[in-house]
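Take a look at the structures listed below.
Same chain, two partners: chain A is paired with chain B first, then with chain C.
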Partner chain A sequence: MLLLFLGPFVLLTVLFFVMPAIITAFLALTNLDAAFQGTYVGLDNFRGLFADPLLPRVLLNTVVYVFFTLICFNTGLGLVLALLTTHIPDRVGTVFRAIWLLPRLTPMVVYGLLWLWFVDPTKYGMLNTARSWFGLAPLDLISASPWLVIVLVNGFIGASLGMVILTSAIKSVPEDYVRAARVDGASSLAIVRHVILPLIRWPLTFVLVNQTLALLTSYEYILLVTGGGPFYDTTVYALYVFRRAIQNGDYGYGAALAFILVVVGAVAALSYWRLLNFERMISAPKIEAD
Partner chain B sequence: MGRIVLDKLGKRFGVVEALRDLNLEIADAELIALLGPSGCGKTTTLLMLAGIYKPTSGQILFDGVAVNDLPPQDRHIGMVFQSYALYPHMTVFDNIAFPLRLLRRPVDEIQRRVLEAAALVQIEALMDRRPSQLSGGQQQRTALARALVKQPTLLLLDEPLSNLDAKLRVLMRAEIKHLQRRLGITTILVTHDQVEAMTMADRIAVLRDGLLQQVGTPDDLYYRPANTFVAGFIGSPPMNFIPAQVETTDGQVAFAAEGMRLPAAEWTAPHLARRRGGPVLVGVRPEDIRLSLVPGESAVQGRILDVEPLGRELVVAVTVGRQVVVAIAEHGFAGKPDQPVGMFVPPERIYVFDPTTESAIV
Partner chain C sequence: MRSFSRFWSTASACALVVVLVVGLGSLATGAPRREVVIRAAVRADASGPDRAVNLKRAVERLNAKLTDVTIRLELEEPPTPGWAEETARLLRSFAAGQGPDIYAIAHEFIGQFAKAGYALILDDLIKQYPETYNDFYPSQWTAVKHRGRIYGIPQDTEARMVYFRIDQLKRFGWTDAQIQGLAARVEKGDFTLTDMAELAQQVKDKGLVEWGFLHRPTRGPDYYQIILAFGGKLQDEKSGKLLLDRSATLDFLRFLHDAVYKYKITPSGMTNIPWRSILGPFGGEGKVLFYMGGIWQSGEFIRDYGAPSDPTEFFSRIGWTLIPAGRKGGRAVTLSHPIIYVVNVRSPEKELAFRVVTEASSADLNALHSVNSYHLAIRKAVTRLPAYRNHAWLNKATPLLEFSTFIPNHEDFGRYDQIIYEAIQAVETNRLNPDQALQFVEGQMRSQIKDQLIVVE
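Moving on to the complex of A and B:
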């Protein structure tokens, strides 16, 4: 019976997660090329990682990209939006959150093109049109500060997941805790810091870990906005995998790069769940009756 | 000093009028109870006093100063929530210390005052525990210590005993009352339990659907209820209400109902004169009724419906005509169901209400 219910999901997981991971691992041991020709080369691809002159730059890019998008937007802005929209009348908050969710419901390419139009270097771009009202010269924001655009493009869409999860977490904090803190003399900021944040630390950790992994494996908007260039200057790890494997046809080496990412993701996810379950076990919540 | 005046205080939530025109004066160091059934506006009143809700009409005055716009942190209030609202991620010590830390008191002062407050409610041994590791009674004491540590001028207790078991409730009742007298803090106790209000409070304000019914000492409410709601809410088992007619024979006023005729006390005659022949609601407390198994001795004859032993006394339900009257009998009463029984009610223990306005007549 149990198998009947779990069966389809197990099958899907095996088909779409375990199988690709195994195939990746096998490919990583070959020198498969654009013509799909290749032989077994052992651990050569993994040794190649240490000799890759582009990799340090790519890793640094990844750290910059993940750190700023994660802290400023996916977690930071998500948390701020959740806090703000739960402290205004409920209906207004819901409308506001719905607006923030729109980009996520927009097809990825449309969203990316909207941004490209917004920052278009010619005077017809929206940003430059706005600048012209103030007598400012057109600006090529993508060339001037590509990272800013990349972080903004990802952040505005990435903040919404954190916002949704943290909103429901904040709403589940019993109102009496907040009232008690007010009576105890806490300002709104002190309530957030001493009461709300500690009480939502698990959802917050979840958002942090989940979004770190999501960002580590995402490259779509960077590909759309800068294509990873100039040269490899805005290429992050996941995009590097794509460029090496698909664009350069270096499937064997690309698979080795991808395999590392799979391992990092699996280890992070597993340790997170261990931590979460463990904490849940040692402090079973005691709900006080009303 | 903690003298509180509520002046025509009102609160609406959209179409729901949770509280209407509440006028109430609370003396310094007084323990007043807000008593009423669930949903009558008690918590709403407390939260307005605490500054969490803004009144939609009327004023709150602390020592003569309007505080409607004063934020909670400037009101010098300690509050115990019905759920206790102990911060689950803090130890008992940190919970109690929280109000002082927000005031940025020096560390040694915090240490001293937290221990003092803990000593007041005897939880010094539990300082390193988390709320989840405490029993209900210990959580209650912790919440009380957190409310007292600031040395507030006003203490608000929202159903403080409702989450405790019966035995602990009796103990905490006495303890809170004793603590309040000793510290002399003006205290507002919210409860739906009339026994709690009667045993703890100096005065009781009875609320119903957001409207104040009566304010007075426990004796006032018990002996001089203003209406049938207060009369029925105070006392257990509740007062019997018997629809009756006012009759006068030979200058003697009496209440006539199906199967019974209860003579009225002499001094009430002038008040009842103009209601002669008219309907009234007669109120009789179960504890005022005397039952007798000797035939023909009493004016009112009935039949025993049920006998409930309560240990020291018995609750006896008696049918008189179609009316069921509940009485309390002393331990040792030998009546059994279906047995005929006589009832006697001292005339001066009869309450009379107007059946339409439900207000007391005498």
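Moving on to the complex of A and C:
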């Protein structure tokens, strides 16, 4: 019975996480090139990481990207949207949530192309067309503020997941607690701060952890909109792996970079588990409710 | 004994009948033909759709000629964004044992396929079809050789040039004689890249154009023309290794930096601009004075951006020159970038695949590709065909081939190209100044290309 329930998930984890991680570790010990030919080079690729002049910049970019997208959008805006749309009539709230889900439902490449059209630095871009109505000169947003563009592109997608999870969490907060707080004279802000937020702590933590790890390994929207540029300005770690392995054909070095990311991801996940006491969240409830 | 011999007589008679029936049947319907599947991959490229279609036409013709074989072509047209990406895709499919029998690549990537053992050496096969291959322009073979051996058959060539807007120069006050004499001045090295930038600045300052000089937004061969125009070299002739010419590369990076920040004729986000926002404003609206592009883009100006299809009218608005020299008296250049067919060395039907390529290189089929896509001819017979001879754009561009150069066919050129493109983006967006960008280029090339790189001052 145990095998029946756990088997498919164990198999998936072994096939799509453990095996690729092991293969990546092996590839990292070779100088595999674009033609998939290479020889064993020991730890040369890992030594190369310390001599790579672009890596410090890429690491800093990754921290900026994960922090701002996570705090401002994936968790912050997700929470704000969940709170706002649950404090208005239900039907209107549902409509608003559906609108915010649209970017998530749009195919990735179409979404990327729409943004490219929006920030096109010439007068033909949507933003610059709007600026021209007010007599303003065209703005090259990607060159001027690439991070703003990247955080917005990812944020509008990322906010929707937090919004959905936190909406359902807020809706499961017993109405009695909110009413009792109101009777005690609490303002809406105080209710959010002292009643709702403590009660949705676990889903909020889950969103935070899940999105941190997701952002750490994501690069696809950055690749579509800025390609990691201008220069290396918006190249995050996962995109750097892609650029070195796929674009430059340095699969060996790319695998070494990727293996570090696997280790960082695994350590971060275990640390979260430990520090945030996830075990308690999934433990059986002490009381049984009907 | 009698019954035994009767048995054999009957058996022999039956066998004879069978042989006769089969034999007569074969005479009537032809011998059973062996079906051979040839797999081909040609990148879906709007600027040359006949590269793929010509393979289909070639197979149809061969099937009509061959008596023992029927070729079934399985043609794949992947929508990869560029030739570098198509190379990466093909190399991955070869590594997985799925490489096609015939594939099309940009010539500079031949080194990677040759080194990996995915490309067939064609020197001997070429000799079997002298009527086709002796007619090719000798210079074209340079583009398909790697370490002295031929690995591909060119399908097209082209001239790259600096286009300019004649109408805007007239508005600026240039006389017809000045405009007509521009190409000759460029050729003599009398009109340099700096002169071009200064002129573009003046025309832009007068409010006649929005930008003075635009180039392609993506990776590609065009940029190397500027390095060559500053007297640089890309490959060491003796060793065949890639060459980083520090002074020419620095001049090149300074020119691009100055175009954005000194002359203000190029936007800083040049590498972020979509193609349509470059080709439209130049070819259609005439809001850009100079554009560094290629002959095939004349077709795009007409087809997609409203430039006149009548040659007289077209050339009253748009002209072109070689890429001006970097310094007075220097060499003006252009660069050809042939797309080539390659045969998979592991193909079970190598010779038949090569026959398909040879048939697709027939003068009439190749002329179709040239005329439809505004690419220049690879063989003399094409230029004699009326469709090609009467094509005003191709006629006007053909003399530029005299100044043609190629980028190196080296297995590490893809890396070299990516690093140069990153440096271009860095100087244009002012992330690095030209000296820092040169340092970046040298550092990256030394660490990625290693002993296949020679650095010269």
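Keep in mind that, in the parts below, the second predicted complex is superposed on the first by the 263 of 290 C-alpha atoms of A that agree within 3 Å, B and C clash if a C-alpha of one lies under 4 Å from a C-alpha of the other, contacts with A are read in each partner's own complex, and residues count from 1 in each chain.
We adopt the following convention: a residue touches a chain if its C-beta (ideal position, glycine included) is under 8 Å from a C-beta of that chain, and two chains touch if they have at least 3 such contacts.
Everything numeric in this text was worked out from a predicted model, so none of it was measured.
Trainee: Could you tell me if A:T94 is touching chain B, chain C, both of them or neither one (first, second, both, neither)?
Mentor: neither
Trainee: Please indicate which partner A:A180 is in contact with in the superposed arrangement: first for chain B, second for chain C, both, or neither.
Mentor: A:A180 contacts chain B only, not chain C.
Trainee: Just chain B (first), just chain C (second), both, or neither: which does A:S188 touch?
Mentor: In the superposed model, A:S188 contacts neither chain B nor chain C.
Trainee: Touching A:I246 in the superposition: chain B (first), chain C (second), both, neither?
Mentor: A:I246: touches chain C, not chain B.
Trainee: For the overlaid complexes, name the partner, chain B or chain C, with more touching residues on chain A.
Mentor: The partner that reaches more residues of chain A in the superposed model: C.
Trainee: Counting only touches as set out at the top, which of chain B and chain C does A:L116 meet: first, second, both, neither?
Mentor: second
Trainee: Let me test your reading of the model: by the given contact rule, A:S132 touches which partner, first (chain B), second (chain C), both or neither?
Mentor: Neither partner.
Trainee: One more residue to check, A:L199. First (chain B), second (chain C), both or neither?
Mentor: first
Trainee: Okay, in this complex, where on chain B does chain A touch?
Mentor: Touching chain A: residues 47, 50-52, 71-73, 77-79, 81-85, 87-89, 98-99, 102-103, 130-132, 139, 146, 150, 163 of chain B.
Trainee: With touch defined as at the start, can you tell me which chain A residues reach chain B in the complex?
Mentor: Going through chain A, the ones touching chain B are 174, 176-177, 179-187, 190, 194-195, 198-199, 283-286, 288-290.
Trainee: Within their complex, state which residues of chain C touch chain A.
Mentor: Answer in residue numbers: 84, 87-88, 91-92, 94-95, 112-113, 115-116, 118, 210, 267-269, 271-274, 276-277, 280-281, 414-415, 418, 422, 425-426, 428-429, 431-432, 443, 447-448.
Trainee: Within the complex, which stretch of chain A touches chain C?
Mentor: Checking each residue of chain A against chain C gives 34-37, 48, 51-53, 116-117, 119-125, 140, 142-143, 226, 229-233, 246-250.
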